[in-house]
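In the part that follows, the structures are each spelled out as structure tokens.
Across the two complexes that follow, chain A remains constant while its partner is chain B and subsequently chain C.
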Partner chain A sequence: MNTKQLHIYRPGIIPMLIIVQAIVLVPLWFYMPLWISLSTIALLIAKYLTYRFQIKIPYWVIVLLVLASLAGVYLQFRTISGREAGIGLISLMYAFKLLEAKNYRDAALILFISFFILVTSFLFSETIWMGLYLMLAMVAILMGIIALNSLHGIQGLKNIGKLSGVALLQALPIMILLFFLFPRLPGPLWAMPSDSEAGTGISDSMNPGDIGALHTFDDIAFRVDFVTKAPSNSQMYWRGLVFSEFDGFTWREGERSPLRQVEQVVSQPEYQYKVQLEPHKNRWIFGLEDVVTPPNGVFLFNDHTWRRPQKVNQRFLYQAQSYKIDYSSYKLSDWQKEQNLKLPDASNEKTKKWAIEQYATVQSAQDFISLILNTIRQQPYRYTLTPEILEQEIIDGFWLGTREGFCEHYSSAFVFIMRAAGIPARVVTGYQGGEYNPYGDYYIVRQSDAHAWTEVWLEGEGWRRVDPTAAIHPSRVDVSLQNQVGARDDWFGEFGKESGLQLPTGLLQKLSLRWDALQSFWNETLMGYDQDAQHDWLSKLGIKHSQWRYLGYALLITILLSGLVFGLWILSKSRNRDTVEISYIRLLNKLKAQGFNIRMNEGPYDISSRLEQESPELYAASKPLFEQYIRLRYQKNYPSKVAIQHFKQSVSAFKL
Partner chain B sequence: MQQLLAPVLSQLNKVVLGKPHQVKLSVACLLARGHLLIEDLPGMGKTTLGQAIAKVFGLDFQRIQFTSDILPADIVGANIFDREKGTFEFHKGPVFSQLILADEINRATPKAQSALLEAMEETQVTVEGQTFQLPEPFFVIATQNPSHQIGTYSLPESQLDRFLFKVELGYPDPGFEKILLKGHSGRVRLDTLETMLEIDKLIEIQGQVDKVMVSEHLLSYVMDLINATRQSPDFAHGISPRGGLALVGAAKAWALLENRDFVLPEDIQQVFGPTVVHRLQSVTTSSSNAQQAVDDILQQTPVPA
Partner chain C sequence: MVVPKFIRNKFFTWVDSRIPQDGATELRQRNIYILPTRYGWLMLVILILILVASTNYQNNMGFMAGFILLAIGMLSTFYTYRNVRELKLRVLKPEPVFVDQEARFLIQIDNSGEQLRSTIGIGTQKKQVIYFDIPAKGKAMEYIPIKAVRRGVLLPKRFVCTSIYPFGIFQVWSWFKTQQPCLVYPKPIACPEILHMSSIGEEEGVVSQKGTEDFYALREYQTGDPIKQLMWKAYARERGLLTKEFEDKVGEHSLLTWQSVAHYEKELAISYLTDALLQAERAQQFYGLELPHKKINKGSGDQHLHHCLEALALMP
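Showing the complex of A and B:
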């Protein structure tokens, strides 16, 4: 059936195209620059108005607008390629295409491009909701294609919807097959240069006040699934960065070097776990302390932190192990000692003096640690997320003055005091604890679990973790911060109000945990199905590593071949055209080129009589041709070759 | 041919106002030796059409009003005892005429219906072993009320097949309605009609219909259409080969009315609806759906180039 003869000004087709386009663009509107989103909305509205009131926009206006938006995209991104700019540009062009669409071909093009543009939304968000939305949007596009090709347009919407749902279901097995078997590329498919958007989570320096802001985020930082056993919540310190340099105001990472060789491991791994790290646009990744074996492609540094060569711009899945390591025989090198003892000159002198005085009263470094922790415990040190702002001599101001703050204040003061007393110490930031999800058997670590603690070097023992914040109140690390809000109003009262957190209680909490379990499954199994996962899966099926590539080729060839066979089959139906047919179609195409519309169910006599009324010149020129054609086709069964050739030549010669 | 048939059509159109297409279909039906089924509400001019055709072609005309108590003998006739001769004699029923208007055929019981329908199929009547030939030409115009009306026995599909066309007259256009209301009734206008065609001329034309050229190329279009009815989800089953033959025959008659001695796809399109709608059983019961689905098939089946 030659659907190309269907024109798009049948009732409902243009509104249908507008709706499909809006459905495709909706998710992008949240991520594209405002002016691009608004422009596409305006173009859709413009299309509707021109359709509704039969306005014709001059061609040059459209050309100008296209050029202007091209320039706009370039000015915005300083490029027209790359993820953001590319998507912005294609969305604009997509909307322009609809504005100027006037025939079947344009409409079909818009609908097919819709599939591509729809998928770009996935580059911004990979959540389940997005997946579901894209699925539904796909149904809408299919409905559009069916309506465009149906004689009655959008009439019988229920049927069309059913049909497209069935089509999608029919495609599902192929989709699943391709999902599992289609060769995955190493690394993300969309390895485009990413924007310089600021990441969330902890940052690469620490000013007292930084982490306090984090507590108000309930976003998920990462999820952890322990393979065998899990440490208790109070022992779950997720190490991220180590700060060893302090200039009186800001803690920064010190110089460090990657460990080439991992320390000798004697025992079985203490903990084995899998992490789903949400993108935070930085290079560091998190692991339990006593980290030893980092995941593939990640460097381990001598302060036992991890770094990826690339930023974590997409959800990163990794596996890691932690081991108990005996550090008793380790020594700090001179420069490490110096690095972890260094204090800024002429800064916070009062605390320095206080520390030296206190150190003199104790026997050992261990005792000194106990003394300081006892001081925190016994003196009225308060934990608050909204401490007084200290602009100068922040350690003095906090330790000897306000005595209120949060983990940053405590850990930086603690390390400062240790160093002042000559004990090497450093600040560690990361996350502490995690919420256990019984429905998926994993832990959820949120941005609100961000924490800063310290490590103190003890000769013969190694680095010992000391959490001075825990000394404020022993239960601080046993239950996560959120749950304390209700119970300990006087400690966390302000925090609860300011962040506007609603306590998930009972059913609500269960539901949110179930939902998170589902999300975790989605992230790990579907979104995280990368090359490694595919190799694992295929080797489970008994396909060797060396063979999987051939499997991929075989799949590709099968698909291409079946496509070819299908295409040939379609072609063969229109293959055996004879000379008369070819010439007649040529004649009809010549008439169409003159703007004369021909329906597929019109016979030659009807066409000719309609020409007589609508375009006498065309009629006069084409009348003998139609007569010849009718004679060839309907008056004789076996016309002579001469007559056929004559008809062919007449059609070739036909023009206006 | 045109000079013979054109005046016939114009005469008929003077009586049946505003329905040139239905009139032309009726004449085509007669030329193709088919029978005509008119389905419409009472008072739409069905009888007028039948009488006008009889008069214009000079056919002898009988009208049988079907009722629920009509018997087969009332239609075909019966053997009646003749006292003087002392024998049974066959008294011909109304079916022995060249044009029969079977009014409201679906009000009769199936037994009475089939008496007429058998006569139509075989053009002969058998009563108690005696066979009587029906006259030639033999043309039945049956009318039926829409089947949703009370007291109707729908004709079974196998008998609907005996009718070449089923046409609906429908309400007249407002313009013609006004003329109708102003002027004389159809009966009066009927009286002014003259016979335009002798019977042997009509039989000759019927013979010419058979000779109208149907090219192979056209047959491929017919087959596309028939296949479309067979594949359409709207119908329980498609057009039978006999239905296909009827379609070609009807198109030939139409082509002749168009003054051509060969059939064009346009002829097929003109007679397709009247020929197939009553032969198709719609999956849903509404007959307007069947009409719509048939129109769809016509629109969606391309004319082969």
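Showing the complex of A and C:
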């Protein structure tokens, strides 16, 4: 192919390349290290300036810059392979390529690599917005490619845009078929590189003292779809981690082991639910209490938490059940008892002393729990997200001093007091509650629903969940929090009262729930489509064996059929539909068949008059036809359909 | 890519059998060929990369992008094909040229379709084409220049009409032929010696011995004297029609013979004669040409010059 005439110095081609690159890089700017994002922006600006003012950057400068950015990427990530480093590197090289682009080849390379760069940004986000952005960016890249391959460059931009848009629309049905038919593989092809990014949501330790202000985010942690019934909001405790070790400042997970054998499940599952867990880059996953049988590929630990072997780097979909289990016959082993009673020496002695004194006044562990909860309720304990920072003796400082804090303060103090009194106890973190979405019939659990509560071991009953935060008197909750919409209110409802489902009322709320329902569909049906889902619908079609083969067939048929359909469609669009012309050509062909030679420069009148001289017979037969043709073509009015039809029939009937 | 010669020959024999032999070629399924360009292959590699990465990261958005790309790749074959289908190509008769000049084959392309055909290329081979547009329901004219290297007849084996529009990932092309060769005159080279023109076969009414270069004398008008050589000023002064006589440096005679250059190497000799013919025509002389196989009587004018040059060009 010859591309000399399609060089990139035609007006508008370089700015077009800059715009395409910017469109493709925009989503990555939010996820790449700042200096890489800024470098790519600077490179794009530099390209524009060199183009605008016809500056030539010496080659060695570009080489130096490339080497410097390579070193930069290595220093940033300590590697140049791996996902994050790879994306950073490829984005930089992509921008550098444009800076030194000088011919068709470079431009074509940039445009086609744009498709790949575009895809890398989906590794960070797969929202509906990104889906729309994908379409926009696709159109932009296609427009760039067309402009590059057209003599007119970016002239007739509207046309180019139309052509790209139409191409994209025509590609969509094929894409949808391929999307569902293309055989999916279960896991990663190669080991997932570890992420340098920190996880979001709840963390693997808890330091109640050093948080001056708990920032709550409305980001979605996960969505839950209950198959049958759902528990009431106040009973929705999503268990994540269990902390049983305390060093005076920080709560951590203690020693724990995976359970080989799951406890005997006697009853039917109480709740069945499906979860769409947003990636949080940690290994734990959440389940409704009591957590027993883990979903596929997840382990159950002896503190009744679930753990995945890999981090949740992509949205993770799982199904689970919750059971009511009777733990009355269970015994706590000696080391478990020790683990859940252990307190650091010479730490928070005042609270310890207070707990022992109080315990002496009651008959049983159960009474002691009630006593402490009542203390919280009756004494001026306040709930706030901006408590005073405590530097040492944090339990003493909170319980006997400031008396203000949030769930972490209350749960750690509560467990501390229980342990001081000799009752095994531990802290559980996870999420509490969830917002019901009536438009999609599921619950949204947000980061702001993160919660910490406690479990107390009662002989003969097992672990009992106690939520000391819920004991705070509603009047002592920060006003700003009371007005918050969402599940947090539920804690402070009447102590023990079941708070019913409250449907949101505001228009904005309705819209946002509808939007979330759409997102849930997007996440579950489209973005969550995987091998299991694929095998699922194949099974429903009755194909249970050699599914791969059937997929292969289907794929092949799709490609062939869509090729055929679109081919015919596209070709038929450009077919000559001028009936008069077609009939006229037929007439000429019939004359040719009679041995009459027709020259290229002859019009109907010339042919007719030559016929008159050379072949009177043919002339007589064809004269009315030529007259009709001349009338149809040269009369003032647009010819009527009848006249055209008549001409067509006459030509068909023409014979000698 | 190196293809063994016998395969290439076989291939083009097959191709030629599919090219319509008459003047106009209409591009249709039968004679349109399509293959991915190197950027088509590049796109395939990128597509595979996207699908592998999407499988590894279980990224369905990546799959979507990949499949859109695949679908566009598939559709691109039709888009590109649509761009050239039903074009009618006709090669017009080229003007004769001299060796080392460019023979220009004028191609007329008719587009009977409703759509503009953008960036259509024609040339002698796919790598050497000139791009242009053909408006909807319209036609375009474009030259294919070919440098004439040898005297005689220049008949390119085949021309190509090609397009990579709109995405540059597929190239369609079609070959077409012409039956109308371009005549290539020999290259004119000035002869270092004065060519002696023979006056054998002199005919009546032809100024033969006199040249046109330098003024020599005045004499009475004789029928057939070139009109340019008349002394109009004298005629205006009513001194009768006088003819200015010139002395020609080339020689006295205006019949250019092969004999006079036969002692040179053949092609050089032909070039010398060519130059002499051009000079004679420029000087508005009457001149003839005598070659071993052909004799052209004296005359002048473009048509005459063409006959003479043609005889030289086609000299075996």
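Just a few scattered comments:
Methods note: the second predicted complex is superposed on the first by the 496 of 656 C-alpha atoms of A that agree within 3 Å, B and C clash if a C-alpha of one lies under 4 Å from a C-alpha of the other, contacts with A are read in each partner's own complex, and residues count from 1 in each chain.
Everything that follows uses one rule, which is that a residue touches a chain if its C-beta (ideal position, glycine included) is under 8 Å from a C-beta of that chain, and two chains touch if they have at least 3 such contacts.
Quantities reported herein were computed from a predicted structural model and do not represent experimental measurements.
Look at A:130: by the touch rule set out above, it reaches chain C but stays clear of chain B. In the overlay built on the shared chain, the residue A:602 is in contact with chain B alone; chain C does not reach it.
When the shared chain is aligned, chain C comes close enough to touch A:566, but chain B does not.
Touched residues of chain A were counted for both chain B and chain C, and C has more of them.
Using the contact criterion defined above for the overlaid structures, shared-chain residue A:109 touches chain C, although it does not reach chain B. Of the two partner chains placed by superposition, only chain C is touched by A:146; chain B is not. Residues 1-2, 151-152, 577, 581, 600 of chain A lie at the contact with chain B in one complex and at the contact with chain C in the other. Partner chain C is touched in their complex by these residues of chain A: 1-2, 5-6, 83, 108-109, 112-113, 115-116, 118-120, 122-123, 126, 130-131, 134, 138, 142, 145-146, 148-152, 163, 167-168, 170-172, 174-175, 178-179, 182, 184-185, 187-190, 192, 314, 526-530, 559, 562-563, 566-567, 570-571, 573-574, 576-577, 581, 600.
Within the complex formed with chain A, the chain C residues making contact are 23-24, 37-39, 42-43, 46-47, 49-72, 74-75, 77-79, 81-82, 85-86, 90, 112-115, 118-119, 121, 123, 126-133, 162, 164-168, 171.
Within the complex formed with chain A, the residues of chain B that make contact are 213, 215-218, 262-266, 269, 296, 298-305. Those residues of chain A whose C-beta lies close enough to touch chain B in the complex are 1-2, 151-152, 577, 580-581, 584-585, 588, 599-606, 630, 633-637.
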